[in-house]
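In this document, chain identifiers A, B, C and D correspond to the written order of the chains, with residue numbering beginning at 1 in each.
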């Protein structure tokens, strides 16, 4: 039974993601994304589940930066989890009494309309996670009157649900990934995704166009690009890429080897089955058999057999 | 004397940026980036100063999303401000006594080494801004023992500076922009930057490559690209672009008209002098005189004078 | 009644093309393509009809080079003419008697199988045109026993047709163009072609890719590309391009103005209705209304109305 | 001692090229380029020397088409030969007596100014080669008074040189290649050229741009492109490419394997030392060691060692 670290405390959306990704795993809650990943790195856990991006908030930059700068880990699974927020308070609290609300900044953004309408005079304070907010509110003497968090956080910490599904949109989704220490990759399934981090060799005009051309010329479709600062001043960025296919695919292998040649550093973050099960449309000339046949042809040409 | 809204309270890095951008302006502190921008939109202020990106933290996504989705505003100036963090507490507090630290998540990230080394047992709680953290800590009965914020925030709220320049890096910079309601643009100076938001018409493979090609074919160099979720599910993004040049430049005009033609929506966010004063290297064939001469040539060709 | 020069003598495929392009024109046969074009240039004729390319032989390089280097002329019409070759001889000649055959090199190539099979021992000599070959063979005392030419050449010069349709392929086509001195262009019809000559500014790697990108980024499809030597040594070329659309089309105008900006010289050779009547598929964002709308949008943006 | 076929008769520029490429070879003159290549194909000769392009005339299309359609041969050497034309006649002939001139069409073009000036009334007739013209003129009873050919043709056939170096330009160069039946390729020298023929899979807009991108993305610079008709009607072309590098180079191998994957057919025509000895500038990331290192990296990534 594997032991998986996650962004806790109990009751976070991440815990819910972990339960769906691996129902039988032992769960190790951690205070931060970094702590969860470090548990996986150190061997305290066999892996970790962390959020990568949200359909409203965008990238979870802590996760991106940990993947780029920390000890290497490999993504081996992803999950898309619809997220619904509830307004949670100690039993007996009523909405008009709420003066201070505690929740994660992502939830503040996603519940903006509800907050304006129902809690116009409340002060809303940023918490490290929605579950941490629920935990804090559950403490006697908490300076906060309510938390915005997942329903299961309320159940876990004994809070009453004053309002359910209070997000501005009902179709918000968070993408979670499961990572582990480097080792054998998941098999290619035909519906895979690969994630990379790329640092430029020298930040010349057109560098991004060159990188995208390495993908497009081999028929590899990007599904996500994020730029992140390298820390060396405004205007210096590195890139996260998600794209269709598995590194075992010939077209993917040649594309990322091309990036490796022309870029400063390419960090491979994993190839894993897509949560949505979508199979890519493979462009003429870029399937594995076509690569193999072209390799045979090239070998013949090089030996003068034409 | 213009009245400029900013991300307050008094003592934020944003206030410092505003003072540098317009020393004589009347300053209107606002609780959030959104509130500052809304003050500019409504006419309560003549403009606003907000952070756009940080060399460690990356984009300020609230600002990006406000620019993309809110009532239009135009950037007319930018400023690069070195940011230095101080550990601030109520007079009499000593570092060993500090159990709870309050600060903005960006500061948590940027002072990670100091916190681990000097405050290993402290709980660090996320605040909406560094100055708000200082303000909160200054209140009698605050649950927090210290704030991490700009020195001027400490001066403003009567806190003692227990440690100075505690960031992991001493060269951290934040980029601020000054915006106002749409109106005449700043003149082109030869060292300008333009900012755009682009929504895809249809999210097909290669769409990003096509957008970058619209820039590169006219010799326009990108300086920043950010992807942000459209809100319509994982895998749907729109883009923020910064690039060299002024919309009055022929090459820039043709490039963004090209984007406008092939994309779903292009929102112009302003052309303004670059804070670093760097003048772009203009690629052969893309200067204004060369565009003008080509236009004359085309007119002759169309009239059959060859 | 216009007077049109053409590659004569009477009986050439070019004469046939001229009759189809302008049945009522007065016809002025000329000894060479250059002479026909010079007649148009000098005013001796109102225009000229010359071959541009053949579906077997490829480009007529004399025509290409005349268009590139000679006094400017504009193409205003094109015609695709199926070409069928006949073996022609003085009456009384029989195939076994034929020892010397005279014809244009293009016909030698296109009738290779017939010649090998039926005239295995004949010497085949290159003539300046197929009709000139017929004319020569018709002369008493000609050293040649037969000509390969169009049937109408045989009729014209009183030769017997010993074999008809002797080309290796029965679907050979020659493309002819009608040119005149520069002046108002034919109206755009929605099914037009434009022809250009482009000289590089400096022959750097990637120059051709850059030129093609100027077309592709505006959705302009090439239909022909020919490289020709500049005369300045092996490895120095200029280019002929045919592409879909009329110079009056916004996308075409912007593309060729782009070429004009980045290349050494662009010589416009005309926009004219396509002989095949094919209308181009116009890529999203590249129609005239879309260009006009983008221009209006850009004007608003530049004036700060966003 | 190898036996090499060439475009004869004796005295052609091709013979001169052959002597320079292989001074000790036995020489087998052939009536046409095709005959010379067929001698190499059949084993009558060990190889052949034929012209490929001329700095004034452009491609020798017969050679291009033979290489594309005939039984495969491989280029193993190239030579750049300055070509100078002489006016040659039977001894005793003087320029004013010349009424009929016989020469190859390329020479007609290249000596146009001399012909107009010195032989304004002469009829100029096309010959299959310049040496064939000299041979014909040398025959008693020839209908021609003079030939334009290489000086050595005059020496060979006993003609007087009435005028020397009569070309419009004195720097005209012809590129010759030596070919043989498929077999081991010449070793890479660091200054090599590779020649290919490419047939499109389906002639869609942008196909040429895609082909060029296969080269450019691997840093392979084109030195020549020629389009030739496929024979299937106007508007259907295939392409000859010359480019820097040897097929044994990793970047070249990957580029042409890419073409092989996306195109209908790629015919390899040889890798051989460049006559001009120019070594290519190798773009960052495209050298053989960089390809090898990237291959090792990819193997590690695929095995999960990151």
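Operating definition for what follows: a residue touches a chain if its C-beta (ideal position, glycine included) is under 8 Å from a C-beta of that chain, and two chains touch if they have at least 3 such contacts.
Going by UniProt, the chains are A, B, C, D = Prephenate dehydratase.
Source: prediction; values computed, not measured.
Participant: According to the touch definition, list the chains common to the neighbour sets of chain C (Prephenate dehydratase) and chain D (Prephenate dehydratase).
Facilitator: Touching chain C (Prephenate dehydratase) and chain D (Prephenate dehydratase) alike: no chains returned.
Participant: Centroid of chain A (Prephenate dehydratase) to centroid of chain D (Prephenate dehydratase), CA atoms only: how many Å?
Facilitator: 57
Participant: Mind checking the centre-to-centre distance between chain B (Prephenate dehydratase) and chain D (Prephenate dehydratase)? Centres are C-alpha means, answer in whole Å.
Facilitator: 59
Participant: Can you check how far apart chain A (Prephenate dehydratase) and chain B (Prephenate dehydratase) are, centre to centre, with Cα atoms defining each centre and the answer in Å?
Facilitator: From the centre of chain A (Prephenate dehydratase) to the centre of chain B (Prephenate dehydratase) is 24 Å.
Participant: So which stretches of chain B (Prephenate dehydratase) touch two or more other chains?
Facilitator: Answer for chain B (Prephenate dehydratase), listing residues that touch two or more other chains: 213.
Participant: Graph of touching chains, which shape: line, ring, star, complete, other?
Facilitator: Per interface graph, the chains form a ring.
Participant: Give the pairs of chains that touch; include all such pairs.
Facilitator: All chain pairs meeting the touch criterion are A-B, A-D, B-C, C-D.
Participant: Taking the complex as given, what residues does chain D (Prephenate dehydratase) use to touch chain A (Prephenate dehydratase)?
Facilitator: Within the complex, chain D (Prephenate dehydratase) contacts chain A (Prephenate dehydratase) at residues 72, 74, 182-185, 201, 213-214, 217-218, 247-248, 253-254, 256-258, 260-263, 266-268, 284-286, 290-291, 293-295, 297-298, 301-306.
Participant: Can you tell me which positions in chain D (Prephenate dehydratase) touch chain C (Prephenate dehydratase) when the two form their complex?
Facilitator: My answer: residues 53-58, 61-62, 65, 80, 105, 109, 125-128, 143, 169, 171-173, 175, 205-206, 208-209, 212-213, 216, 221-229, 231-237.
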